[in-house]
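Report on the following structure.
Chains: A, B, C and D, in written order; residue numbering restarts at 1 for each.
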Amino acid sequence: MTDRMRGLALLGQGEVGLVERDIPAAGPGEAVVRTTASLICTSDVHAVRGAVPIPDGRLLGHESVGVVHAIGEGVSSVAVGERVAVNAITPDGTCDYCQRGFTSQCGGPLGAYRYTARKDGNLAEYFHVNDADYNLAPIPDGLADEVAVYACDMLSTGLVGAENADIPIGGTVAVFAQGAVGLSATLGARLLGAGLIIAVEGIPERAALAKRFGADLVLDPAATDPAAEIRALTGGGVDSAIEALGAQATWEGCIRATRAGGTISNIGYHGADGPTLSIPLDAFGLGMAGKKITTDLCPGGRERMTRLMRLLANGRVDPTPMTTHRFPLAEAETAFDIMANKKDNIIKPLITY
Amino acid sequence: MTDRMRGLALLGQGEVGLVERDIPAAGPGEAVVRTTASLICTSDVHAVRGAVPIPDGRLLGHESVGVVHAIGEGVSSVAVGERVAVNAITPDGTCDYCQRGFTSQCGGPLGAYRYTARKDGNLAEYFHVNDADYNLAPIPDGLADEVAVYACDMLSTGLVGAENADIPIGGTVAVFAQGAVGLSATLGARLLGAGLIIAVEGIPERAALAKRFGADLVLDPAATDPAAEIRALTGGGVDSAIEALGAQATWEGCIRATRAGGTISNIGYHGADGPTLSIPLDAFGLGMAGKKITTDLCPGGRERMTRLMRLLANGRVDPTPMTTHRFPLAEAETAFDIMANKKDNIIKPLITY
Amino acid sequence: MTDRMRGLALLGQGEVGLVERDIPAAGPGEAVVRTTASLICTSDVHAVRGAVPIPDGRLLGHESVGVVHAIGEGVSSVAVGERVAVNAITPDGTCDYCQRGFTSQCGGPLGAYRYTARKDGNLAEYFHVNDADYNLAPIPDGLADEVAVYACDMLSTGLVGAENADIPIGGTVAVFAQGAVGLSATLGARLLGAGLIIAVEGIPERAALAKRFGADLVLDPAATDPAAEIRALTGGGVDSAIEALGAQATWEGCIRATRAGGTISNIGYHGADGPTLSIPLDAFGLGMAGKKITTDLCPGGRERMTRLMRLLANGRVDPTPMTTHRFPLAEAETAFDIMANKKDNIIKPLITY
Amino acid sequence: MTDRMRGLALLGQGEVGLVERDIPAAGPGEAVVRTTASLICTSDVHAVRGAVPIPDGRLLGHESVGVVHAIGEGVSSVAVGERVAVNAITPDGTCDYCQRGFTSQCGGPLGAYRYTARKDGNLAEYFHVNDADYNLAPIPDGLADEVAVYACDMLSTGLVGAENADIPIGGTVAVFAQGAVGLSATLGARLLGAGLIIAVEGIPERAALAKRFGADLVLDPAATDPAAEIRALTGGGVDSAIEALGAQATWEGCIRATRAGGTISNIGYHGADGPTLSIPLDAFGLGMAGKKITTDLCPGGRERMTRLMRLLANGRVDPTPMTTHRFPLAEAETAFDIMANKKDNIIKPLITY
């Protein structure tokens, strides 16, 4: 039957596997997309490990692009057959949070994080899109699906880390951790005019990629105290620090590495940090050093996706060196295992259909 | 001799007393002011208790106004004999921090906090002013010294708490604690267009003053969980919360009381909080709820002082109900004791000369 | 028949009259409101005089509140029978302009200005609401309809004039013209912490109302050169000037009255100014004096309406002194004539149903 | 005598020539710099043609770097012998305008524009620096003087044109005119994350340089209506337009090329435009299309110079392809003539010492 599809699902705590189910339907204002390319995210690994309470059988994934398969009543911005990208975060554009501009917090904290968290994810042959006119972004001609898919999460998250960091033109920036999110933040800091970018990363392959993506130097946290080193190198601290891991050590490093009046921009997911995150009061000037902390979750929506894909199409950034591995959907379990266990220097595995 | 003066000094840990010493001199670019009115600050109490490492004999005080007594070479903005106010924080306007706009962090963290912390304070008959052209602000005719003196710290601190809080017009604001700083923040939230102001305070006299200053309601933290109550009253949390005490409980209350995408504006001094300040990760959305934290230290400088005094002169705010006590300088020790021990429902003691 | 209604329509260039027609229907995502209170706007007068190309028979009006009469499929935020306010400007929340935050420009320039301009207005017993979940704002209990109706345009427009003006706390503001929009801007400047508000207005009744609404002084443009007087009073010009009329003279006055680095916030409708608006280059520093010009059109949407009504409900502003006249709908032609010809010192006529 | 020097002076309307005079002295807080590299600016040409009222004999020039020759009393940030750059604009950092952050407007409109306009310029073997601690910026080791000199005006002006343009990440930008300022603005738009840059320029050599500096395409205003073409290419207009010439046609082009809600950033000098600048009201949405206009004058100060030179030192931008010509000071008259008459496709002539 053509109306069945396969996808990668949570089978039970820590277990994943391909399952078969019905292709979703498009209700009013909704769409269904036939997937052409996906990336697996560390957040999928977190989900499988129990970070987000999801039922067994829930499909994983939130970084996918494809072709419009069906549209529901009232959808007017795209037609069946168009190539489209959909952000991991899918706001409705209407709730009070969205009207205030906090679209990732649609309806409440983290509310626009729907794939996997609230409904089936899109590591599957087809996926459902709520509020399609708000969320479906046509992929420009000439931009390959496997490039466009970076706009769904990595670029949106990494770049917003830089956008929120109040980087003065020519200013100094530290990016703590150079996984896929941190590497994307490095791309973002470079894209937004930072004059000096110091990355913090211990894995040599990632450090090399950080330099390729625009870092001026990379500090190994195993070999030095990065915050102290950064303060020494910059005469007091960077203008902006980006937390791209989600750990007490990198968070604290950001606060310590930033000068008075500087900004700490958090895009790390602190689900593994226990109930609290700790601020060192000496480095925080006892609450009076003028430091600012911002936090965000991958902003979505068609308009932003259009701008992110323009950056890709016009050669402003090239995140594809992060695609270290490729697998067809049939091998998604293997891909997930390599990702979950950080084998083989993996950064991002691309799933093809 | 006319070139001796009296002032209130730290005599040793926890001890204060009036001392006599030479009237300071005005070097190039500097000025000396003959004091006419001062307010004692809780920060003076903190200093005496050892929060800031200062030598015995150091004069206390940083909230004073007066008349220009002497100006050094090159000072051009005021003349001897003019009534002037000087902010508690006295930037040089020239260092990199100042050029970036972080004037309170002049030369480094908290660097423009000079009175008491780096030189004699101004709870004294005369006081010294660095970078006089940057810092001396003429007091408008018709504005009494004992009103203008509120611009030196309370208004500047309280109002910046509100200015940094990103209050949308008609938005909702919580102000945690209603001491002099919190009451000033309540004035500020009202002044900047908040549509609903919820104060948190347990002392009845302060709660009453909070309402007089513009709070729509006041929650007693002994009788309720303020953050939970605020979330219930606002359908998810306030747009902005102001931390005006400097304690883990109020800090955490601010984070819990704020909705996703909201701003926590810290103006509390967290010197008594131990080495760290703790963020509850559930209320922080694991670092992804779009919450922002800002911190600041009483912004100074003539231009700001001019605006603050305009607010006073034109009847926009009246902080004088906070002046619960008055003493001549000769009784400053008594005033300090009452302030230090929070006797007699004191809020601010005015010292006259 | 109960499904017919009356409303005030354009009958031909310069002519208006009550007409009867079908009550509109609510399609998917739409609503119909039974009107309880309306205000007539000078923009209605402009429309009748041909400023906006509209067909004969088009209903006028865009400032109305009422009770939900019907909701279309998919509308979930309100129920039939609820009291609601709808802004004059009704964005869809979904187009690229809306996603970027320029909701008044929905789909293109001035695109969310639909009533009268693109469909029937709401000076009628019933009116249609597009994108109802985005635009319908419940009126708080205790807030009268005839007060809430000020949120539909006057407050939203006047306040955004102040919001866009970059008023520093305690700063100086000039508001050029004190018709209903200018008076609302004066309310806004006061609400947002201006330390000195100078209104420019020649009609004594409006000047008096300007003072009541918060202006510190009012200059008569027939008796003085307001810009020169403002520069003299402020030592070089105001921080912010608000253009609330839409005329070359007030526009130029704003540019001349503003100091270097200041902001000119335009909320005037310049439809009668001919094809161009002229900037005096001397006052503009030949394009290098750091002056900024902002323009806006009455921001709409439920979330903003909720904040504006909170200001009304909590006593922050009281625009009702602007309601100089009241008429039942049956006398709407008379009301319109008085408004069109500025008879009897009219400011805003309220229409009741 | 060693205390005499040569420099290029205005000799009378339209006439320039090398003159000899005393090396300036450094008063308190001041410095004197021995020049090592200068660039001639179109503003020098304007000055000679009478745009700024200056006396005969006044030295020209405001783009120079060199070595500290003498420092006055109280100067502490640099020592004699250090290589330094000084911005064309030299604020005092202390006046009300500076304290508010409008440092180019020091003391009043365009007030920090001192070289040539208010005192001798620095197309001379030595030059004077007011407020030396505020304005002297050490040149990093490894950065050549002839590169650093671009920070004095071209980069600061061009980049602020982009900084003020509110470019959303990946957004669309038009830069009208590709002289040295416009080319620098193109560098700035690229540096700040624009996703599409459309330059407008008719001279082939400049168009080629625009592409080299980051423009995606260049429109020839002689061959097309650039604003109409830009609107067509972008589906309604760019997010941001930069006016880099100072002419009614380019100004109007910016307003017409920008979409509703967009920003026009003016860095052109409109001294030749007659008494007024004209805004087309249709493209301005009758004052309601949400368009914003910003204006600025080359921001100065050590801190900004440090960031600009960091961009140069770390290879973020390379403006040196604009150095089309080189002359020793002895040939400055020839250099000026070529610049004034735009001969030989000149963009920037470098003067060496």
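We adopt the following convention: a contact is a pair of C-beta atoms (placed from the backbone, for glycine too) under 8 Å apart; a residue touches a chain by one contact, two chains touch by 3 or more.
Source: prediction; values computed, not measured.
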item: Interface copy of A-B among A-C, B-C or C-D, judged by whether over half of the contact pairs recur; value: C-D
item: Selected interface, B-D versus A-D, where C-beta contact pairs are more numerous; value: A-D
item: For subunit B paired with subunit D, centre-to-centre distance based on mean C-alpha positions, whole Å; value: 41
item: Touching two or more other chains - residue numbers and ranges from subunit D; value: 100-101, 168, 306
item: Subunit A partner contacts - residues on subunit C that touch it in the complex; value: 28-29, 73-74, 93-94, 96, 98-101, 131, 133-134, 301-304, 306
item: Residue ranges of subunit C touching subunit B (in the complex, touch as defined); value: 159, 163, 168-172, 188, 191-193, 195-196, 216, 306-311, 314, 316
item: Subunit B residues within the subunit A interface of the complex; value: 97, 100-102, 104-105, 108-111, 168, 236, 243, 246, 259-261, 266-271, 273-282, 284-297
